[in-house]
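Heads up, there are several structures right after this.
Consider the two complexes below, in which chain A is the common component and chain B and chain C are the respective partners.
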Partner chain A sequence: MSELFAPKRTGVARWLPWALGGAVILVAVLFPFLVDRPRFWLPNIGVRTIWLGIIAMSLVFLNRYVGLLSLAQVTVAGVSAYGVGVMMVTFEQPFVLAALVGLVAGTLAGFLIALIAARTKAIYFLMITLAIGQVFYSWASQAIEVTNARRGLAPVLKPDFGFLNLNDITSFYYFVLVIGILCYVLCRYAASSTFGLTLQGVRDSPDRMRALGYNVNAYRIAATTFAAFIASVGGIVLVLDRAQVDPDVVSLGSTLDVLVVAVIGGVGSLGGVFAGALVLTLLSNFAQNLTDRYMTLTGLVFIIVLLFAPAGLAGIGKQVKGLIARRRTPRHDAPQQDPSADQSAEHAITEGKQQ
Partner chain B sequence: MDQFLLIALNGLTLAGVYFLVASGLTLIFGLMRVITMAHGTSYLLGGYLGYVIARETGNWFLGAIGGAILVGLLGLLIHQVLIRRFQDDDMRVALITLGVSLIGTDLMLAVFGGTATQVPVPGDVQVASVSIPFIGPYPLLRLLVLLIAVVVGVALTLFITRTRFGSVVRAGVDDSQMTAATGVNVRVVFAIIFVLGSALAGLAGVVGGTLFPLLPGQDGVYLLYSLVVVIVGGMGSITGAAIGAVLVGLVSQFSLVYAPTYSLVLTFALMVVVLAVRPQGIMGRAV
Partner chain C sequence: MMLNKKGLAAAVAAGASVLLLATGCTAGGGEGGGDVIKIGVMATSEGNLAFGMGEAKAAIEAAMAPYGGTADGGEVAGKTLEIIYAGTDGTTASAQTQVKKLVENDGVDIVFGPVSGDEGETVVQYALTVPEVTFVNGSASPVGMTLEGAENFFRFHGDSAMWMGGLGTYAVEEKGYDSVYLLAEDYSFPYDNAGGFFSEFCAAGGSISGASWVPVGTTDYATIISQIPADTDAVYVGLGGADAASFLSQAVTNGVAKPLIGGSIAVDTTALSGDANIASAAIGTITGGPVPGAGYDNPVWAEFVDAYLAAPSAEFPSPSIFSILYYNSFESLLLGLEAVDGDLSDGHAAFREALGSLEWDSPTGPISMDENRQAIVDNFLIEVAEGEDGSLVQQNISEATGVKQGTTVYDRFESCDDL
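On to the complex of A and B.
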């Protein structure tokens, strides 16, 4: 399943990802000029898609390379957002310092969560991270002296760096886009480094890795901390976009939003999350014209994806290819026809489940 | 001292509600190895249904039974349509049921609105109190809730340990494949247990909705509490759920009095301590 053992890609399969990635970046760069009302599209669709994508990407990274499905990534992003909020609103510090504090706070929170939760596996990890997230939500909506309870911390003003004024929506969009791309590159780099390969080893066979002398738990904690850093970056973009931070940022609803993004985009694909995030932001902005029951619609889409395309949008191409291949080839040699195609889609969620 | 006992008793009655919710969850997990994240939704839906039935008929017991049966039937539908195919894929079941809870929350908000409601009981039961040594008058209603929880707990334990069906369930817990090989239709057993677990959540909703308000968001709260209870008590053990519920109930009531802001944080600290000492929970078996 891991890329290590994947057969050498040939022809279309080799250049398609690059072409697709290039096209996506091109569209993203031209986005402000492609839409009719940039003042609506840039913040509501563009920026929101990117920060949802960044947070969901940290979830996907953990799921794909460590085999842990964490529901606390939104909480980590929320800790980071609260860090920025406290520094800028309560202590009136400049943005750069606040962002640093936010990053450190979020990453540290992720580290602590990992210390507690890394002892557990699979479904337990899911439950414990969900519980941790809900506890933080409850604390954030009550601790009036730190988080200003339900009213939240406001206003978190976008900074003006002189050469770059983030209050200008187009500049802000490009600033966020660059951050999003950097996060993606960082995740890809981490995944292909020795560290990432070790993580996949730990995921596939913790016992063998232990026998080889690796400290399995330490690797899990390190990976969770790294993912927390990515989520914290997302949290900083989030707080700039919303201009405030309140308990809704870390509510169960937000947790589910990010999970929906990850699942629709594909829990095995780092890039797919942005497609998932786009689907969710479009749904949330336009479904309200059609129906009041936007949440129900989101839930239905979520379940349908889980039932029929468990590898998400990123896996649909493979699934279709698998279907066509099965149609074309006669029954008797069907097993030789790339059986991994639809199988990997089927097991996308549990692909990384620890043994 | 009086106050201490009063808080302890409050904690125990609260534990009664927690036990009712969590017992369904732990029963389902124990046999099927899947977690249903729609459990809080079952709780809230049961409460609302019980409220409607009790209001229309004026009979609390009809409300309780009706809520439990209807939620059980819904559980059967969810199990047959969404869960059965992915029996061996616990992660996907957890995610699908999270989707169900998302839809459930939204639809219940649409149907029952955002205002708090409470399951009605006859007026004289509502205000009646019993005198308890050292504590003084104590609401009868809360004691009745505790009684219901104890009765359900004992009945469940007897059902699992003393009946033929219970022994099939225990065999299924130990090794569902071997059980199937001996001629037991494990799929039917799974379905029955899922219905029973859902119905327990529905019953818990009616019982809990009699003591506490039913309102949007409670589904998430009770999902969280039942998760914490089964993590602390040990997944799959009825006794564990009882121990976990008592611990969580006591900790949350005492902290509400002595450190109100940190009530949930302390409950959570309890979970961390248990996980640090016994990752599988107090009564859980090592996995």
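On to the complex of A and C.
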């Protein structure tokens, strides 16, 4: 079952997501004027939220439309970031060329990972992508000739295009915001295209799709490569924001950060990841102001979200709606739950949405 | 429904209040300065160096005690010091997040820290972008940090190559080693640490009989032990923690009869207290580092140890390498502030001038500064010996005085010609 056959939304349900999306974009656009210390808030909260969100969005795209939970998205972003780093620091090439190389390298890495991993599903896909990520981390930590090992590649300087100087933090923020919105639109477009609808078919019933003549593996590989492209874009923003690339970018900790972002935001929601990224970014910056045990606080927030909002922040609206409906309706004729609404993190890991 | 709305409103209000409180929307920033000087301290509070924060606080408490101050600040040079702490997990990502927060959100005038080498290299890169803030290093020791040209960055202890200062000459002249086999972990700290030893050792006439760079976490050294040439005089062990303990243990079982030369973290307490049967391999191992061994005779050192033990945050029976380096660095910072009566005007010009020309007798010997704002220090040569109760102790052999920084950032090397 998928949202292909979901009942048409009516009334409030139809315009609410648009209104909410519009409000979020409005706040994002006005963000530089709403904060008291733009020098801190724009790069450390705004830009970081967006690149974390873009990388997590690539993970969510794969999970929601293909039913694959990949832990290699950070690795792909890292390959892209290293591509930019090597071109700009080692070969002293301009940013545009470096970004192109980064995008190609990241997307190619995603394609190669897919070739290996696409034949597996659910927990096995997750484990293989995690293992590949760790192999790359170890390589990046040791390959001094390419990655400069633990020292990493620095400085990766922001470019000045003349008409747009990314060293100006406000310009950089808007540049990144536009990229974030474009990535979101691209994901939505891909999902609603024939390609996206086929992917959902592959997710829901691979055997039936195979019987219809579709090459299921080819579709999975194509989807993983597309998600790798999105993650690569995130990697380029990341390396510009951090001004350096080192093995920590692709460490297990960074992989878990993106997974936490996806789960807090909602592993079934493309837009929700930005809410998850905002929460994690605020926590990593400010949790220490509340307690010395700030990692514990981050963990607690994660557990609370898992317990009380298994579909993430993006699923809270639906949960509240369900709660109200249950209160209004007598127990015996409670509405049947739409199976496609089950976008919980637990479901993604154990079942990977596959049959 | 009303209840729900009220609940929702309450939740939003509570959430917003917590957010405002946490994000410090009332923080003013230190630009205006006045009589308050804000110092942001970075130290590790998570991960395998999680005790770094406690040691940093103990060091600051020991340095602030003579002023009647605490870990949170006090009155120095007629100014009120306000000390803010930012914990990291030792990674570059968290160091970058926290140093930016200290400077751009909390508005500190001076950043003090960090602990680990990876963090240090990141913080220096950041320091280059905020010339208005002064940075005093905590305990990060990569050679390259003070060679990046950051005019606002100061380090009041030796780098990891300097931690081997004097040992290469000692190995040739006193121990008579001509040929040494190199075994070290494959990352930047051992590159610098081994580079410091072998550059001096090779210059004194020694040679490298072979080299093995192993990944961190290697536990099986049998194949490497079998590669050590028979005519080698000694083995340089640039390993740390559990890896060093594994090697020492296997050196005993595989009958390695060669004397050992330890990197600065090879013969710490983890390695020495792990397994009793490593004694025959460990005894006689010589090493170098910024921490004096037993028998170091210096009244300033004795005073520091007492001050450390009196500090509320001190957790160890004797100061660790982190508390020593943080103390020397923080005391230097305070002396710099005193020299200019806390004057941070004109982009900290006078303060930086004072820091750059500082000279004082620290617990680990005289500290002075070179033109790269890097300290010239004493370094300690240590030998592992058996104590009266049979335990292994690090005995102070001698001090190499006035050790200066070189200009080489070391990489993997296989022979003296590579250096």
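As a working rule, the second predicted complex is superposed on the first by the 336 of 355 C-alpha atoms of A that agree within 3 Å, B and C clash if a C-alpha of one lies under 4 Å from a C-alpha of the other, contacts with A are read in each partner's own complex, and residues count from 1 in each chain.
Simple rule for what comes next: contacts are C-beta pairs under 8 Å (C-beta built on N, C-alpha and C of every residue); 3 or more make two chains touch, one makes a residue touch a chain.
Here the structure is a predicted model, which means the values were calculated and not measured.
A.B. asks: On the A-aligned overlay, A:Ile116 touches which partner chain: chain B = first, chain C = second, or both, or neither?
C.D. replies: A:Ile116 sits against chain B, while chain C stays out of touch.
A.B. asks: Return first, second, both or neither, reflecting whether A:Ile303 touches chain B, chain C, both chains, or no partner chain.
C.D. replies: Only chain B is touched by A:Ile303; chain C is not.
A.B. asks: For A:Met127, decide between first (touching chain B), second (touching chain C), both and neither.
C.D. replies: first
A.B. asks: With the two complexes superposed on chain A, say which partner A:Leu100 touches: chain B (first), chain C (second), both, or neither.
C.D. replies: Touch status of A:Leu100: no partner.
A.B. asks: Once the structures are superposed on A, label A:Leu259 by its partner contacts, choosing first (chain B), second (chain C), both or neither.
C.D. replies: In the superposition, A:Leu259 contacts chain B only.
A.B. asks: Of the two partner chains, chain B (first) and chain C (second), which one does A:Leu69 touch, if any: first, second, both, or neither?
C.D. replies: first
A.B. asks: In the overlay, answer first, second, both or neither for which of chain B and chain C A:Trp139 touches.
C.D. replies: First partner only.
A.B. asks: After lining up the shared chain so the two structures overlap, which partner does A:Ile169 touch, if you call chain B first and chain C second: first, second, both or neither?
C.D. replies: In the superposition, A:Ile169 touches no partner, neither chain B nor chain C.
A.B. asks: Using the touch definition from the top, say if A:Gly152 reaches chain B (first), chain C (second), both or neither.
C.D. replies: second
A.B. asks: I'd like to check the shared interface: which positions of chain A are touched by both chain B and chain C across the two complexes?
C.D. replies: Shared contact residues on chain A (touching chain B in one complex, chain C in the other): 138, 142, 292, 294-295.
A.B. asks: So in the complex, which bits of chain A are touching chain C?
C.D. replies: Contact set of chain A toward chain C: 36-37, 39-40, 43-44, 138, 141-142, 144, 149-152, 154-155, 242-244, 246, 248-249, 251, 253-254, 282, 284-290, 292, 294-295, 324.
A.B. asks: Along chain A, where are the residues that touch chain B in the complex?
C.D. replies: Where chain A meets chain B, its residues are 69, 116, 119-124, 126-128, 130-132, 134-135, 138-139, 142-143, 252, 256, 259-260, 263, 292-296, 298-300, 302-303, 306-307, 310, 349-350, 353.
A.B. asks: For the complex, give me every residue of chain B touching chain A.
C.D. replies: 34-35, 82, 89-92, 94-96, 98-100, 102-103, 105-107, 110, 220, 224, 227-228, 231, 235, 261-262, 264-265, 267-268, 271-272, 275-276, 279, 287
A.B. asks: With touch defined as at the start, can you tell me which chain C residues reach chain A in the complex?
C.D. replies: Answer in residue numbers: 1, 4, 18-19, 21-25, 29, 45-46, 85-87, 89, 91-94, 96-97, 100-101, 104-105, 117-118, 121-122, 125, 128-129, 142, 144, 186-188, 215, 411-412.
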